[in-house]
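Just below sit the structures, each encoded as structure tokens.
Across the two complexes that follow, chain A remains constant while its partner is chain B and subsequently chain C.
After this line comes the complex of A and B, so read on.
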């Protein structure tokens, strides 16, 4: 009797999740395409790039503060193993104030010689151009409309230094804030004029080029990566009420265009074991497999009482640029009960 | 019950991820704007005697827009990336040029280098951003498109070259 009760409680508990949940449908990525990339070399993963103010062309104090803040913004929001930027009076990468390499009309510019060095310039506050007079908001006691946020422009340039080319916006620019690395930066107070974080389409390319920090790090919503989930069992033919070890692997698909993200294991996601009764066409969520390791492995040991088909499902997360997938189907055959059998009705 | 070795099934489901117008050849382009030259390395404000030298930077070619029978007008060079360097500019007003409505316009480059692709779009001349821009044309090879209807317009021609990409601007006075 005790055995029978334990069996029934275990089985009903295992079935409950499947009665509630349903199979999710993969959603497309919510954002626009990742930023294009420049054709040059990459810096090393997590390489620290130390910069200093260019001798003879040091920015004013307010712009120094903005540039250093932009470096911090880049480091904090790169969402990848892209290079980091650190101010150091002994640094070998010069950031200057003036025309530099910006040409006639540029307000900010860069050069990069990866993996060795970079330069950056911001143009002079108050300089007259054909389009008007350049005003940095940080240089104004009370920022006025039409000024440029130096922290945003410097972050744009740091993005270029990493490898990013300009984001390609929709025609109506409704996706403007998906990237700070823009062909045409906006002035105060237009939407996106003071972005102090990389946008999702900036980080998407940084992730492709430099990889994600950890196997459980979220993938940019600007990506749309195919995933692969597989399922294995230790035994597909068991005695009534015996245990089966279910193991599932989840990873990014192998694809050369994914570059450093190709075949990455995906840890700490939600992988559900789904069950289909023999003769049925309906799959129900049966059990959520815990992520036992950071290597994209999901395991559980479950007792089974009747033959059924199983598969694992990874539903496309709304917060990540990953597509959903389902594994191949495995049938686990359970032998009939021969003694101390539970009530067939309540056992269901 | 026999216990078999755990075998993880590996299932790979690979899926992945200019129109020609009939306008009269009566354009009267204005001289090239002096602010349109290709970027050159220039010295920063020299406030110290130990200034760090700036290496020279080679940038995109000069873009010249011409109507039939008219002299070419160099465009204002806006935002570009060129090899491992780049410069970010605002949306520019454009180098002034007067053309007839519907007139065929072409853009050539100096030095002449291959164009991978291009896209021309326009906004009213008083606009300071491309929001709501109208596509004039796009394609491969040297840009060619038709002048819009009468009015004052800013035309941006974005060109992709092998070594990078660049935006060029003209202010069209269309009569």
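After this line comes the complex of A and C, so read on.
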């Protein structure tokens, strides 16, 4: 039975790199990318998942408080239409304290059967492991260095339940706090040991999978989405001083890897109408188009007194993971003034 | 670093050992007096297959904190289970040919006891000033393989072999090198390949595990250290079956060719899994499809599906291997064990715990025993 194994004897210590390329675990992730995602289905957008304590394996009260706080953290900081978690004694999703389904996992674990249910377990305070004894900070009267923050760990687990896999950090882990869903949990007092909000790379994946709450909601800085801005006018050849309706549409580019964010209109951003005089190579900001609706449409009606080229520009915001874009150019030809002509500069 | 001759091929038809998830973590009320069996007479000996021998280990909590463990054990259908109360640092392994190996550490000394459920007696098989974190009996019951750490600083002392003929213990495998891809080691589990020929040392970080394999007859050694690999399911032929490095279920189920390192995905989103034998006696991987436990799939290690059937998870979930819990039962290899929430009933009752691997048809463990 072990013949082939014997024939391929290696020295102890030889590394056998696994080739798991075909595993459908994830969006492949590079450093500082959105968290990879787990395989499997999603919960519904904004689906409310009610949990209760597992009968016979209820967490101690200090941990119950931490877990409920973590549920609130998840709801408050998901920045998306991901599922929400609510404690309810009649809930159908059990959260337990003990061995549960954790297998060899160290500190806690979960199961997810989207869109119907989930479970979660946290290990016991005081349980010995090879390296030493697990201590939850919340179970200590005076938390000591080396303890784990149960609220952080539970938030990590809630993130897994949503769909998140472990964040891939930079080699120096300088971006550790960009995600609470981490392979290695940190203990007090190391940076990130007590994160009570999702990080930007957690919310990035939640947004990709569940969409943003509204069309004007900010996109996670961990994303890098191409945007498309278009410009249209109702008339490109007008009489002197006549009005032109400028309409611009701003949206996320159509891209299957953006999943729910693909082609999303972007409302409440800053879209500038830019003008270039004939013969010039310089674009100047001419007008900031108001976002008249939350549907990514930006409109203005302006009187024009001379022919010029126009485009709209969306500059990459520093607070969002959106790239900038400029529209195609439209030339609006204005007929010469024939009577009672105003000073063009004043008119503009 | 020679693996000595304490291994031998297990005989055909040997019962598989199914694990049981020890979920309950509550403190029971009145403390039941510990079982106090007499010492066994004579050497341990090879023993014999003992279908129905079982144990379960549960934490004992004091004000929510781990303060010890309670070992419950017995033989299916034999009435009231037996109990032991163990220290906080303690473990059980087996059952193997009717025996359960128990280790407990009082803070100064680790003590190993082998409980014979057939004869109702015990062998005091060893003590150590080092902290014995886990141990397993070899298939012939001639030696114990131990994982030890230094009780002063928890440093890993490697894997030790303790002959049961009175010979001196010796380290047979050194501790693993530090590897930041796995982080510090949370658990070291010891297991045997499906044919009993190869010792598996599973060293798990917070999520990912690495494996060192030692084949007894040849002295061959292998290592699999891939941080995308997680908990062990088993070793069958030259395929190591493991979950991916997941923090929960479902999780990919992987078959890793020990020689080449090539990995095949048996299922992208599997639940619990065990190794058994199909209807033709071939080694097979039996796993839940998804995390909810309502569908069982039986595949060979090359991924070829040979059977599948539905389960009512309310009536019983597939019980996973010992590393997932701390309890197990000897049972026929061509059947799986199911139980409420994937565990054996704490009282030892065993109504229809078994499922036939061909069609999922239930069978009572007592029927098998008889």
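Please note the rule applied: the second predicted complex is superposed on the first by the 309 of 348 C-alpha atoms of A that agree within 3 Å, B and C clash if a C-alpha of one lies under 4 Å from a C-alpha of the other, contacts with A are read in each partner's own complex, and residues count from 1 in each chain.
Rule of thumb we're sticking to: contacts are C-beta pairs under 8 Å (C-beta built on N, C-alpha and C of every residue); 3 or more make two chains touch, one makes a residue touch a chain.
Nothing here was measured: the structure is a model prediction, and the numbers come from that model.
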*For A:60, select first, second, both or neither according to whether it touches chain B, chain C, the two together, or no partner.*
second
*If you stack the two complexes on chain A, which partner ends up touching A:184: first (chain B), second (chain C), both, or neither?*
both
*For A:139, select first, second, both or neither according to whether it touches chain B, chain C, the two together, or no partner.*
second
*Once the structures are superposed on A, label A:117 by its partner contacts, choosing first (chain B), second (chain C), both or neither.*
second
*State whether A:126 touches chain B only (first), chain C only (second), both chains, or neither.*
second
*asked:* With both complexes superposed on chain A, which partner does A:100 reach: first (chain B), second (chain C), both or neither?
replied: both
_chain A positions touched by chain B in one structure and by chain C in the second_ = 38-40, 56-57, 96-113, 124, 129-132, 156-157, 160, 166, 183-185
*Which residues of chain B touch chain A in the complex?*
1-17, 33, 35-52, 54-55, 57, 59, 76-81, 83-93, 128-133, 135, 158, 163-165, 167
_Residue ranges of chain A touching chain B (in the complex, touch as defined)_ = 38-40, 54-58, 94, 96-114, 119, 121, 124, 129-132, 153, 156-157, 160, 165-166, 171-173, 182-187, 190, 224-226, 228, 230-235, 238-239, 242, 245, 247, 249, 253-255, 257-258, 323, 325, 327-328, 330
*Can you list the residues on chain C that touch chain A in the complex?*
1, 21-26, 59, 61, 63-67, 88-89, 133, 149, 154, 156, 173, 177, 183-189, 193-195, 197-198, 202, 204-209, 212, 215, 218, 220-226, 228-232, 237-238, 243-250, 252, 254, 256, 258-263, 265, 268-269, 271-272, 283, 290-292, 320, 323-326, 342
*asked:* Looking at the complex, which residues from chain A come into contact with chain C?
replied: 1-2, 4-20, 22-25, 38-40, 56-57, 59-60, 62-63, 96-113, 116-117, 124-132, 139, 156-157, 160, 166, 183-185
